[in-house]
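These notes are about the structure you will find just below.
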C-alpha cells in the first residue's frame, strides 16, 4: 500500500474522526504543525470529532489540555471519550448505591456526571462492600495495584454486581522508548483471575463510533461512506472503523512506525483503506 | 433473583427485542404457546424486533420458517440478523472482486444483497485466489471443513483481504442432548491458526442492537430505557443488551435452565435485570 | 464417583506425593489431625514427597514452618517446590550477570542457590538494566505492582533475556472467604501485555513430578503405577498427576469443596482416580 | 546473535536431540546433504535422538520413511514421538473399554501398543458411546472434521472420560507456500467449544525431553548441560529445550527463515543459545 497525502484523502469525505494520542499529540507534546492540519479541516467546513480511549478525565479537561499544549479550537463537545460510554452505561443501567472506581479523583467525574456516588476502591472494605452497586475501571493511577486489585477480586467474587472497563487499552507510551500498563491491562488481570469478561468500552468497540455518528447526524444527514476515521493503532482505530463501516486511514506518527506498518498489517489482517505519514503531510 | 411473570415485566417498557432460538423456538419447534405471547405483545402495540445470531439465510426465509412452524405474524422487516450486519459491512467497505464464503448457497444471499459476487470457498483454488476481495463465514454447513478450512487459512496467509464472521456463536443445540459446532467456532479455529482477530458481528456486539434501535427511532422517538431485550443466553443476549444500555430479561426456555441460571450468573458476572420462565408465563 | 477412605486408597501404592496447601495445611493452620495421617504414612514405610507450587521461600524455611505449626517430621529434603525448578533452570541455563526478581528477599534464596546474583526488580532502572541476564517471578509480595511491573515490561521489551515464572498459581486463599492474586496471576499480566509465553514451572507441568520421581528412584526402583498424587486442586495437582501417568486422589479440604467436586470435574474434564474427604479420613 | 557453524557448536556437547521436520527433512524431502550431517554425528560417537511432534505413525514407520527418502541409519529406537507419550499415558492410566481416536488407522497403532482397543471416532455413535473410556487426537486425517468433531464434542459433554492430544502442533507445511491445520489445531477447536484444557503431549512440554534424557542415561550418565537440542521452531523446540534446561540451537531450514529469525526471537522472547544455518553447515 502506497502512502498518500492526507489532504488528498480527506477531500473525498464529508466528516472526520481523529484519534488523539498518536495522531494529534504524543508523549512529547503536539505532533509538529498539527495546528495547520486542524486549521485545514476547519477550512473545509467538515465536522470533526476526536475519538479517544480515555477515561482518566472529562472532555472539558481534555480540551483544556489541548489548549495548554498550544492547540487552539478543539471544543469539549467535539471530544468523545470511552469514559463517556461508561457514563452512558451508568445512566441507563446504574442502580442506587455507591459505584467503586479504580482511578484518580478526576476520572470519577464520569460517575458524578451519571448522578451516582463514586467511592475509590482504596476506600472499599469488608464493612462497606455491600453498598457497592458497580465497579468501574477508569485509570491506571490513583490506587495501589496490589492491595486494591485484591479488594476488587474479592468484591466481585462476593457480590453480583457489574464491572465496567472504561478504557480497554492495555499499554500507553510514556516516553520515546517506554510504555506503561494501561487500564485495560489492569482490568484484564482481574478478568483472568475471575474467568469473566467485563463490559468493555472504547475502540475497537462500535459504541464510540456510533455515538459520534449520531452526533454528526444531529447536524445533518451523513452516511457511513461519508466519514473518515484517522488513527495510529491497527487493532483499535482501524479495526473499529472498518467494522463500523467507515473508511480508515493509518497515520505513522504514533504506535505504528513507517518501518513496521506493512509487517503489522500483514500479521494482524487489519487493513486500513489508506496510509498517510501524518495528518499534516 | 426471583422469577417474575413476563407480562408484568413487559408492561414497564415501550419496545421489545426478542432472541429467536431459545426464546421463540428451539430444536423441537416452537416454544409451547408462543403464539399467545406474540399476540399479547401485538395487543400492547409496542414494536417488536427479533435479534438473531444467524447468517444462514435471509430475514425473508427466516420469516417463512416461523410461518411454516405455525407462528403467524412475524414480518421479515421485524427480523434483524447478524448476517445483515455482514451485508452492511460489504455495502460500506466492499471492494470489487469476488467474495469467498463459508456456508450454504442460501447464506450467500447476504453477499448478493450487497451487489457483490459470491464464490463458495469450495471453489477457491490457487488459480482464482487473487480475485477474492474478502472472506465471509456465514454458516457451518455447505463446505468440507478439512479441505476448505485449509484453503481459507492459505488464502488469508497469502492475500491481505478482510475476513468477516457473520455469526459469532460457537455452538447450537440440535436436539435435547446434542449440540453442533457453529460458525463462530469454525471461524475461531482459523483465527487461532493465524493469530488474528477477524471482524465479528452478532450479539453481544453492539452493532445489531444499534441497528434495531435506529429502526425503532424511525417509527418514533425511543430512549434506551424504553427497551427490553429478551434472551436465553447470558454471554450474547444479556451481556450485549446490558452493554448497549437497555434492560434485559433472561428466559429459561433455551441455553440456560432453571437449575443452572443462578450458578451461571454468579460464575460469569453477567447479570440480567429480570429472570422469567418464558415469554409465555 | 464415590468418596473413599484415604488409607484404603493409599494401601494400593508404594509412594505418595502430597500437595501442601489444601492437603496438609490451609489459611487457618494445619488440617485437623493431619499429624495422624502423616504418622500413618510413616508407619507404612513408603516414601513421601510434598510437591508445592511455592517459590516464596526455600524447602528449609517451609519445613521450619510445618514445625512451627505443630507438624513434626517433614524433612526439607522431602519438600519439592516450583521455586526449585526455577533454580534448576538458572543452574543449567543461567548466564553471568544479575538476575532480577519479583518477590521478597526470602524468595531470592533460589537465585543465590544457583550461584547467581539477585537484584530486586525495585532496584532495576535505566542505568543498570543492561546488566540483567534474566527475570524471575518468585512471589506476589516484596515489590510495588504498579511501578515495578512497568519496569518489568520495559526491561523485557528492550533486552532479549528470559523470563521465568517460578509459581504459576493465579490465586491463593488468605482467609475462609478471601483470596489474593498469586505470582502466576501477576506474571500473566506481563505476558498478556507483551504477547509472550514465559517459562512456567509448577504443577500441572511435568517437571516437578519428574523431579520427585527421580528422587524416589534413587531410593529404589519405582514405576509410575506405584505412585499416588494427593491434591485439592483439579487443574494443578490432578491434571498434572494424570498427565505424568500416576494415580490421583482429590481431597476436599482445600480449593474443591464436597458440594462442588462433581460439578467441577464435569466442567473441566479433569478426572481424579479417587475422591477422599481428607488424608485423615 | 551471530550464525555459527553447526559442527563447532556440536563439538561442545555429548549428546544431541534433533527435531525431524524442518531439521532433517521438509515438505520437499530430505534437507540437502543431511546424510553428511548425520554421518558427522555418528563419527563423534555421541548418542542422537529424533524428537518429533508426530502421532500419525509409529517410530518404525517413521524410520522406514527416512530410509525411503534416502537417509540411512536412523533406528526406530532413536525416534521419540509425541504419540509415544500418549501411549505411555494409556499404559499407565488407561481404563478398560474402547479408546476413540481421531486419526488414520496407522496412528491407532499407539493405542494397540498400549494393549487397548481403538475405535475410529467415525464409528462412534449414540449406541456405543458408553463403551468409550478415552478420546485421543492422533492425526488431522482419517475422519470427517464436520461430522466427527461434532461427535467428539457431544461424547465429551456426556461422559466423564479423558481427552488426550498426542500432537499439539497447530499447523504443518505441505508445500513451499502452503500449510495445513494440524492435530493440535483441530483439538484446540474442541477445547474452545467445551472450555476445557485437554492433556497435551509434544514439545514444548517437558515429557518428551525427559523420555529422551532417561534413554540417554540408560547408556551412561549424562547431565543436562551435556545435551544440545536442535530445532527450527521457537515455541516448540527452543522453548521446550530451554525449559528442560538443555542448550538449544535454532536452524533456518524450516519454520524460521534467516530473514525473520531475529524478529521472531524479539517478538516471542524465546531465545536459542545458538543460531545455525542448518545441521549441514
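Going by the order they are written in, the chains are A, B, C and D; count residues from 1 in each one.
One rule holds in what follows: a contact is a pair of C-beta atoms (placed from the backbone, for glycine too) under 8 Å apart; a residue touches a chain by one contact, two chains touch by 3 or more.
Note that the coordinates shown come from a computational prediction; the quantities given were computed from them, not determined experimentally.
> Measuring centre to centre, with centres taken as mean CA positions, what chain is farthest from subunit D?
Computed centres place A farthest from subunit D.
> When the centre of a chain is set as the mean of its C-alpha atoms, what distance in Å lies between subunit B and subunit D?
Centre separation, subunit B to subunit D: 40 Å.
> For subunit A and subunit D, what's the span in angstrom between their mean Cα positions?
44
> Measuring centre to centre with CA averages, how many angstrom lie between subunit C and subunit D?
Taking the average C-alpha coordinate of subunit C and of subunit D, the gap between them is 27 Å.
> Two or more other chains touching the same residue: where does that happen in subunit D?
Nothing qualifies.
> Among line, ring, star, complete and other, which best matches the way these chains touch?
The chain contacts form a single closed ring, each chain touching exactly two others.
> Would you please name all pairs of chains that touch?
A-B, A-C, B-D, C-D
> Residues of subunit B touching subunit A in their complex?
88-89, 91-93, 156, 160-163, 194-199, 205-207, 210, 224-225, 235, 239, 242-247, 265-269, 271, 273
> Contact residues on subunit B for subunit D in the complex?
140-141, 144-146, 149-150, 153-154, 157-158, 170-171, 177-181, 185-186, 188-189, 192-193
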